[in-house]
Structure formats: C-alpha cells, structure tokens
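The data blocks that follow each hold one structure.
The two complexes that follow have chain A in common; it is paired with chain B in the first and with chain C in the second.
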Partner chain A sequence: MATVSIEQVWRRFGPHSAVADLTLDVRDGEFLVLLGPSGCGKTTSLRMLAGLERPTSGIIRLDDRIVNDVPPGERDVGMVFQSYALYPHMNVYRNLAFGPRIRRENKAETHKALLEVSEVLGLSALLDRRPSELSGGQRQRVALGRALLRRPKLFLMDEPLSNLDAALRGQVRAELVRLHGQYKITTVYVTHDQVEAMTMADKIAVMFAGRLQQAGTAQEVFDNPVNMMVATFIGSPPMNILPGHLSEDESGIRIEVLGQTLRLPSWASIKGTHASAQQVSVGIRPTDIIADTLADCTGPRARIDFVESMGAETFLTLTCASNKLICRAPGRLRLNVGDEVGLVLDVNYLYAFDYEGGNSIIDRSGQAGDARPHPTKGVVTHGTI
Partner chain B sequence: MRPENGERRGWWKSSAAADGEQQLDAVGILLLLPATLLLVVMFIGPVGFAFYLGVTNIALVGPTAQHFHFTGLKNLHRLVNDRLFWESLKLTAIFLGASAVVGVTIIGMALAVLMQHAVTWLRTVVGAIVVVAWMLPPITAALLWYAFSTTGGTLSLLSGSDSDILNDFPMTIVCLANIWSTAGFSMLVLSSGLRTVPAEVLEAGKMEGASRWQIFRSLTLPIMRPTIVTNVLLVTLLSLANFSLIYIMTAGGPGNATNILPIYSYQQAFQFNKLAYGALLGDVVVIIATVFAYLYVRVSRPSRAGYRPQGKLA
Partner chain C sequence: MIQSASAVADGNAGGPPIADVKKTREWFVTNGLLAIIGLAFLAPMLWLALAAVDANAGWALQLPHFTLANLIAVTRGDYLQALLNTLEISLVATGVSTIAGVFGGYALSRRNIPLSDELMVGVLFLTGIPVAIMIVPVFEVFAKYDLLSLVPTGVFLGVTSLPFALWLIKTAIDAVPKELEEAATIERANILQVILHVTVPVALPGIFAAAIYSFINAWGAFLPPLVLISDPSQATGPLKIYGLIGSAAVRYGDIAAFSIVYSLPVVVLYILMSRPFSGGFSMGGAVKG
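Take a look at the complex of A and B:
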C-alpha cells in the first residue's frame, strides 16, 4: 500500500520531451488509469515509476520517499508488461518463483504463497507448463501472479489487455477489478482504450503529447473535459465539434450553432479570463443530440449521409448546414440515407471551446448531478421518435 | 529458421503429410537429382575414396604409388599403436577446447555484450577491428602472430628479453592466434542471438530485484542457449579445418607440441610419403567433424519446447 506523488517531472530524449511537467498524485489503494493515444508519454511515465527510466528533472515520491535514484528492484513495485515478459525457458512455477528466489525469500513460505496466488488466478493446473504452451489469457495471469508474489506496494500495468481478444478482454477487466478490490494495492494502469479506463479507474489521467491534460473520475473527465483534445478522445463515437459563436448578456450565455441560437441553463458561466463574446468551437456528444422525424421540429434540419445500425442503437452521420456530425438514434429505426431529420441539442451538455487553444470556456461547476430520464431539450420540447 | 508452429516440415513434404512421415514423389526426386549428383561427385566420392586409401599401402613415391593394394587392418593396427597419433589426438582436443570452446565463445560473448552496451564510436571501432581480423586470410593472421610472438617480435620486445615466446609456449600462442582470428565470427553470431532476447523479459528480471549478473546468468544465457551451442559447434568445425594457421606458424612444432591431427596427417602423407597412413589420419578428422556437424544439425533444428515469441494469443 502506497501513495505516489509525481512533481514537475520531465523526461527528455534529446530535443524531444516524452513527458513534460507532469504533476500527479495517486492516493493509497487508488486505481489510476493513464489514458492517451500512442506516443503521449504514458508508458514513459509508468517506466519512470518503475525505475526503468530516470526522470530528466522533477521528483517522484513513493510513500514520501524520493525514489528518483532507487533501482527498480528496491522499489517494491510489481509490473505487468504489455508482452507479459515471461521467462520463456522456465515453467510457470519457476516463472513465479524466480523473484522470491532472487530475493532469497524463505522457500517454504514462497511455495505456500505461490500456491495461494496460483489458486486465486486459476493457474494451479498449469504450473509445469512453459509460457509457449499457454494461451494469451493464461500468460497474462502468470504475469499478474508474478507481480502479485512481489507483494508490491505499487502495481504497474502497461496495456496488459492489448494482446487479448475482445471477449477475453472483458473477462480479464472484471478479474482485475476484483483483484484490486481484494488486495487493495495502489495501481497505475496504462492504456489507450477508453473503455478500459472508464470501467476500471478510480481516477483517469488523460495525457496528450507528453502533457497531462486532466485528471479526475471517469464521470468528471467525460462530463467536464478541460479542452477539446480530452473531449474528443473520450467517448465513442467522439464528440462533434462545430463552428459557433458565444455571447453573454444579463440573461445568460447564448450559443449560436447550426444556424440556431441556444440559451445555456442558468448554472453556466464563462470561465475567468475568456472574452464574453467570441467565435468558439461548439462541442456536443452524439448521445446528446436527438434526431427527430417530426415535421414540426423547429431545430436545424440535417440530411442523413450514412446509417450505422448497431442493433440496440443507430449512429447517423449527418450533414447540417455544411457541417458533418454524428448522432445517436434508437435502434430499429427506419431511417434511410438521404432522409431529412430535425435535430434537437441538449443544452445541458453543450460545450464551448476556445477557437484557438481549444480550452473549455464554460464553467460547469454549478451543474447539478443529472438524473435525466430524458435529455432536456434546447429550444422546443416535444415527443421524440 | 524457427517456424511458429514448431513443427518441422521439409520442403519436399506436402503440408498435409503427418509429422515425421516423409513422402517422395517423382517430381521431388527429379528436383533432388542435381544436388545429389553434385554431392556424390564432389564430396561422397572423394571422401569414400580417401577411406579406401586409408586401408591400402599407397605411397607418394615409389612402386606402390601406382600399384597399391588393399592391406586390410594393417594401417589401423599401426594407428592404434601409434603414440604420436594419440598425442596428436590429445593436442587436437586441447586446441579445440581451449581456442574454440573456451576462448572464442567467451571472448565472442564478451565482445557481443560490449557491442550491445558500448557507445557508438567504441562499438564501431571494436566491431570493425574484430571483423577485419576474422576476414584476414589465415596466412596473414598466421604471419602476423608469428611476427608478434617470435624472437625480436613485439611480445619479446615488450617483455624486454630476446626470448622466443612462440617457441616457449607454442600451444598457447597458437590458440590465441586462433581466438584472435575467429572471435569476430563468434561475435557476429552471438550479437544476433543477444538481439533476440526480449528487452521486456530482462526488465521484468530487473523489477524483481535481480542484479545485472543474475539477469545475465539466469535469463540472457539460458534464452540464448541454442545460439551459444550452435556457435560452439560452428567454431569447433572452423578451427578443426584451420590447417594453415598452425602449419604456417609452427608446422606442428616445436617437436610435436602443436601437431594437431590435420597437420600430422599432412606430415605423414606428404613429408614421409606415407599417403595411405596420412589418408587414414585424415579419415579420423572427417569422423570427428562429422560428429560435430551432426550435433550442429540436431541443435539448430527447431524444437517444440523451444522459445517462441510471446504476446500474440496462441
């Protein structure tokens, strides 16, 4: 059990900064997911926590002890590698026992702990097999078991599910959450898969281009993204970004988008330094748009370019006033390419980003939790499809 | 070299053929014919003839040079009772063991590890020197080492005396010369072997708290085992065939101190004119080489339990 504190850490490779000015805390027992696209510095950050990589500057603390110069073997950190990195010439038992043997731990105790861990992970029947004789899921569990036997203060995982097929991935995800609940070991987990991040994390830290963009719970990051990069990276299909205009008067904030003016709810305000009237990038998630076939819809009208039926829901790719956008509609909907629909945007989940820098402009701190049975509609209220 | 599925399949076998069952059809035989003919004419024939000569009384000059005949076990009987032959066999073992197994492999390994970790310029310089030493013709290498170690050479000048070190420690110097000229090959083979050891596996060892030496001994070496064994066998074969190096440096001397089998065979055949006995000694070399070659083929064959890349779902 441990807390981690990363303070202004940089990692440079020549002129290139893999990690820039990273400051991040992980609480005791927390499951932190480092999320970001490939090359965003998340693996480098993890390797610095492991001790496999030295920070160029900054401080890393493990339980208030500065560990910048502590070699990986002395950090009490267990790591699961993306390739599992099992020792190919040893059977499962010896793979698991390698660490304890190196550390000269008591043999009888190791044996007992090893059997216990392999029981928990369902490896008992596989102990005399070589890694090459195991399936991907089994190898992954051996890698987990090896890290667990270290009795680590901190668990590090580098995209541990990326080599598994989709069905197994869901299963192992649940397994990992269960194990975390059982052992309560502080965990830092690296992934580029937002589904893994959303489902497993206590806290998500989103990284882009070496910089930490936002850290918060899954819901916070989803509902209140600090900038356009975070907003469009999380959520599938991604948030629609449309050109628009924002203005503020005594009655509140108004956003012009898709040829229509929407008034934001009263909790919304403009963040400190931003101008009160400006051109903005307006963001809205596909799930916060309703495509309406009713003739009396007063909202913007759009033409359907493409229909993606997923069974339970349908994703429509639309053109509206020469903008492309995606919207979610219920499944079993009889809509065809070329049909016209009216759009209703949910003003509660309308985002505005700085046109230049992409930072979020609207302060949503006043927004209450949402118990929406139906989304609140912007301009008009009427039945949906 | 190592198919993913771990099964061996000769190219002549249809993919449906069960493992271990070899099927030759007409086309297969036709395609094998040129290679077979070449092998028979250029290799099996001459070697077979050499084995025959080994049990005749052929000489280089004199009446039996042309009219030789089969003499049964006479030469073999001589071989078994020849003290010099047993001595020569022992020297061959020492030469192969010290230079090929110990020297070339250990130094080759050290160089390979150095090449992996050293800064670029050092890597370039050392790599170039070592490979050049390997590329030099044996006669150059031999003369170089002769000049280096004989009276008035660098080594005696360095030691401040005019002693003939080549004469005093002939076997050591000859082994060193062989190591010097073969280490480059060994380094190339082992370097490529080192590259196949996955970095993450070594890092996993580091995470467990293993020291550099423990990682090298318990992870790198065992994972590289097939490459190391292959290398030892290849270098042994190369050294066994390296007749010219020793012949130029010492011609088997002083006395018989470096008289390894290939040299003893040459001596008997072309200096003492006993072509038949020389051939028989050569046959012994062929048998030794065949054993190593067979082991080499066995080892370099992919095995089911061998290392396969991990990661992808099997």
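Take a look at the complex of A and C:
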C-alpha cells in the first residue's frame, strides 16, 4: 500500500527529453494507467518509479519518502515487464521463488505463499514447467505471480498484455481488475491501448511527447479532453476534426461547421483567455453524429464513401462539404457507397479547439450527467439550427 | 507447323545426353581427388589405431599382432603422470580464462566503458600475435620469480586463450535480455547475485564453449610447457610424446597408444562443444517467444 507523488520530474537523454516536467500523484490503492503512443515517455516514467532509471531532475516520493537515490531492490515494488522477463533456466516454481530466495526469506512461508498465489493465478499444475514450455498467457501469469508474491507496496506493469492475442487480452484484463480488487495494491500500468486504459483505470494519465496532457477518470478524459491530441487519441474510431467558426453573443455560443450553425447548450462557456469569435477546429465523435436516410432531415447532407459493417453497428466514411468524416450508424441499415444521408450532430458533445494550439476552448464544467437515451435514429430533438 | 516442330524435338531426344557425359567425368575427377586427399588424412589415423594395438609396431602401416599391452602401459607411471600434469595446467588455464572472461565480458557488455568497442577489436587483433614471440620474455620473468612450474604455466596458457574466450562470453552475455537482470534487481538481488543467478546461467552455452576452447587450447599446448616447465616429472602430454620420438629406440606402439589416450578428452569435448556452436543460443521463454 503506497502513495506515489511525482513532482516536476524530467528525464533527458542528451538533448532529447523523454519525460518533461511530469507532475502526477497516485493515491493509495489506485489503478493509474499511463496512456500514450509509443515513445511518449510512459515507459521511462515507469522505469523511474521502479528505480531502473534516474530522473535528471525533480522528485519522486513513495509514501512521502524521497526515493530518487533508492535502488530498485529497496523500493519494495513489483514489476511486470512487457517481455515478462522470466528466467529461462528455472522452472515456474523457482521463477516465483527467486525473489524470496535472494532475500533469504523463510522457506516454509515462501512455499505457502507461493502455493497460494499460484492457486489464485491458476498456475498450480505448471510449477515444474520451464518458461519455454508455457503459452503466452501462462508466462504472463507467472510474471504477475512473481510480482504478486513480493506483496509489493507498488505494482508496476509495462504493457503486460501487448504480447497476448486479442481473446486472451480481454480475459487477462478482467483478471487484472479482479486481482487489483482483491489485493488493493497501488498500481501504475503503462499501455498504448486505450481500451485497456478505459476498462481498467481508476485514473488515466495521457502522455504525448514526454509531457503529461491530462489526468482524470476514463469518462473525464473521454468527455472533456483538454486538447485535440487527447481528443483524437482516445476513442475509436477517432474524433472527427472539422474546420469551423466559433462566436459568442448574449444568447450563447454558436459554432459554424459543415455549413450549418449550431447553438451550444446554456451550460457551455468559453474558457477565460480565448477570444469570443475565432476560427476553430471543431471536434465531434463518430458516435455523436447520426446519419439519417430520411428526406426531411434539415442538417447537412453527406455522401457515403466507404461502409465498414461491424455487425451491430456500421461505420460510415462520409464526404460533407468537402470534409471527410466518420460517423456511426446502426447495423443492418441498407446503406451503399454513393448514397446521400442527412447528418444530425449532438451539440452536447460538440468540441472546439484552438485552431493553432489545439487546446480545448469550451468550458464544460457546467455540463450535467448524460440523461439522454442512446442516440438512435430520430430520438434526438436538440441540435437543430 | 505443329507436326514439324515435334519431329525436331524427337530427333534430339534419340541421341546420348551430352551434358550427362560431361557430368559423369567431372564426378569421377572430383571424387577421385577428394578420395586421395581423404586417404592422406586417414592413413595416419589408421596407423595410430593399428599401431596402438600392435605388439611389434613400426613406422609402417601394417596388420597388427593384437595386444592391449601398449594401451595399458601408457595409462601408468610416467605416462599417467604426464596426463595428470596436462589436466592440471588445462584446468588452471580454463579457470583463469573463464572467470576473467565472465567478469570482463559482463563489464564490456553491460557497462558504459569508454572505447569499449575499440578495446574489443584491439583484443581480437592481439590474438593474432603468436605465442612464440612472447615466450622468451615470459620465460625471463618466470625464471626470475621462480615460476617455472605447472600452475604458472597454466595461468599463462589461460591468459593466451582469454581474448577469444572474452569475445565468446561477451557475445553470449549481449544476447541475455536486460529485463532479466532488471527483474532480479527489483527483487533486491545485488550485482554479484544477478551475474551468478541470472546472467551466467542464461549465457551458459557461450560460457561453456569458451571454457572448452580454453581447455583444449591448454591441453594441446606444446611450446609454452616446453619452455616454461623445467622439471621432467612435470612434463605434459605433448612433451612426453616429443620425448618418445627423441629417444634412441622409437617405441611406436607407445607413441600410438599414448596419442590415442591423450586425444580422447579433446574428441569428447569437441563433440560437446559442437552443440552450443551449431545450435546457437536459445532464449526460449525468457522473452516473447
């Protein structure tokens, strides 16, 4: 059990900053996911927490103790490596017992704890196998068991699921969440997979180019991204970004996009420093657009370029007023390439980003929880001109 | 049109295949030459095998009057002592080059040592210097400090095989994934524990190859023991064989039998060594497989 506090930590490799000015807190028992594309500094951050890498500057605290100079073995952390890092010359039992043996812990107790952990992880039948005789998922569980057996204060995981196939990934994800619930060990988990982040995290920290962009719950990061990078990274298919114009008058905020002027709900306001009328990048998620085949649709019209049927839903790639965008339509709709559809944009989930910097312009702090039904054809009543 | 074309094809098919004749001749010439060369290599081996069990062995290749007396004689007394001496310097040499090779190879592989690449290339080139060039100064030093005996000779032989052993071991350690060592470090293993419990076992095939190389190198060494060992009772195997040739009456049977006994361990070690060399190193299961 531990809290982690990272204060203004930099990690430079020559002229290149792998991690720049990272400030982040992890609460006791929290499951924090560091999310970002490869090379964004998330693994370096994790390695600094483990003690495998030294921060160039800044302070890392574990339970209020500054650990910058504490070697990895003294930090009481358990780590699961992306490659699992199982010792190939030892069987599963000896892999698990390696740490206790090195630390000269009581053998009988180790044996008992080891059997317990291997029971929890379903490794009991595999104890005398070598890593080369195990499947990917089994190796992953051994690596997990090795870290668990330590009863660490802090659990560090570096893309532990990236070497598993898709079906297994979902299963292990659920298993990790269950284990976290059972042991309540503070966990920092690195991944580039937003699905892992969304499904497992108590808190997501999104990193780009060495910098922390946003930290918050999955829903916060999804619903209220601080900038265009976060907005387009999270969510699949990614958020559509369209050129638009934003203006404000006494009746509220208006956004012109796709040749249509939309009025934002009354909770919306413009963040402090931004000008009240300017060119912006308008963002809208594919799931917040409704493509309607009805002839009486008053919204912009678009032509279908490409249809991706996923069974339960269909993703349409559209051209609308010379802009490309993706939108979700219900499955089983008979839509063909070349058809025309009308679009309805959900103004509750319309985003505007600074045209140059990409920062979010609209203050959504007044937005209440979402009471609307799942957007389906013809249900949305707002969002008209 | 079609008919005439097929007629031409038939005409050719009737004759003898010219290419085949040429091939057959080539086959005979190539294999004949190889057989002659092979015989030149095989004859001494055959002589060794036959003379070793021949009661009145001579220099010529002949059918033996079968006896085991030669073989029994060369595993006793002076001969046995020579084998034990050879074993001693070989083990010392193996220990020196392997232990120094493991720690040196680890440091060169894992630590940021300035100019380490240049150092490794330098080491490789220096292996080209023949032992014969170094032996005189080494003799002077050994003589001055009263080191003309088995163990110091073993140390010297270990040092001569260290460069190659260092290369073999460093390459083997390079192939050990760093995460394995980091995982052990996180478990609170110190650097020595990491090396002994993780790096060395995983790099063992390469280290084993280096050890065998050093052993064979010392086992077969002739010049260094000849120069550096003064006491006849400390003579090693090659010196013993050399002594047999020099004596008034050459005892061919003993030479052959002793040569066979003396070369047996090397043959066994070569067989053992061929596996890690040909198979490469398997890291199966250590990382994503």
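Here, the second predicted complex is superposed on the first by the 373 of 385 C-alpha atoms of A that agree within 3 Å, B and C clash if a C-alpha of one lies under 4 Å from a C-alpha of the other, contacts with A are read in each partner's own complex, and residues count from 1 in each chain.
In this text, a residue touches a chain if its C-beta (ideal position, glycine included) is under 8 Å from a C-beta of that chain, and two chains touch if they have at least 3 such contacts.
Given the structure is predicted, the values throughout are model-derived calculations rather than measurements.
Applying the stated clash criterion after superposition on chain A shows that chain B and chain C collide. By the touch criterion defined above, A:Asp165 lies against chain B but remains apart from chain C after alignment on the C-alpha atoms of chain A. Contact with neither chain B nor chain C is seen for A:Gln8 once the two complexes are overlaid on the shared chain.
Once the two complexes are laid over each other on the shared chain, residue contacts for A:Pro131 go to chain B and to chain C alike. After overlaying the two complexes on the shared chain, residue contacts for A:Ser236 are found with neither chain B nor chain C.
The residues of chain A shared by its contacts with chain B and with chain C are 50-52, 71-74, 77-79, 81-89, 98-99, 102-103, 130-132, 134, 136, 139, 146, 150, 163. Only residues 6, 198, 200-201, 203-210, 214, 218-219, 222-223, 225, 305-308, 310-314 of chain B touch chain A when the two sit together in their complex.
Touching chain A in their complex are the following residues of chain C: 177, 179-180, 182-190, 193, 197-198, 201-202, 204, 282-289.
Of all the residues in chain A, the ones that touch chain C in their complex are 50-52, 71-75, 77-79, 81-89, 98-99, 102-103, 130-134, 136, 139, 146, 150, 163. Residue ranges on chain A touching chain B, taken from their complex, read 50-52, 71-74, 77-79, 81-89, 98-99, 102-103, 130-132, 134-137, 139, 146, 150, 163-165, 168.
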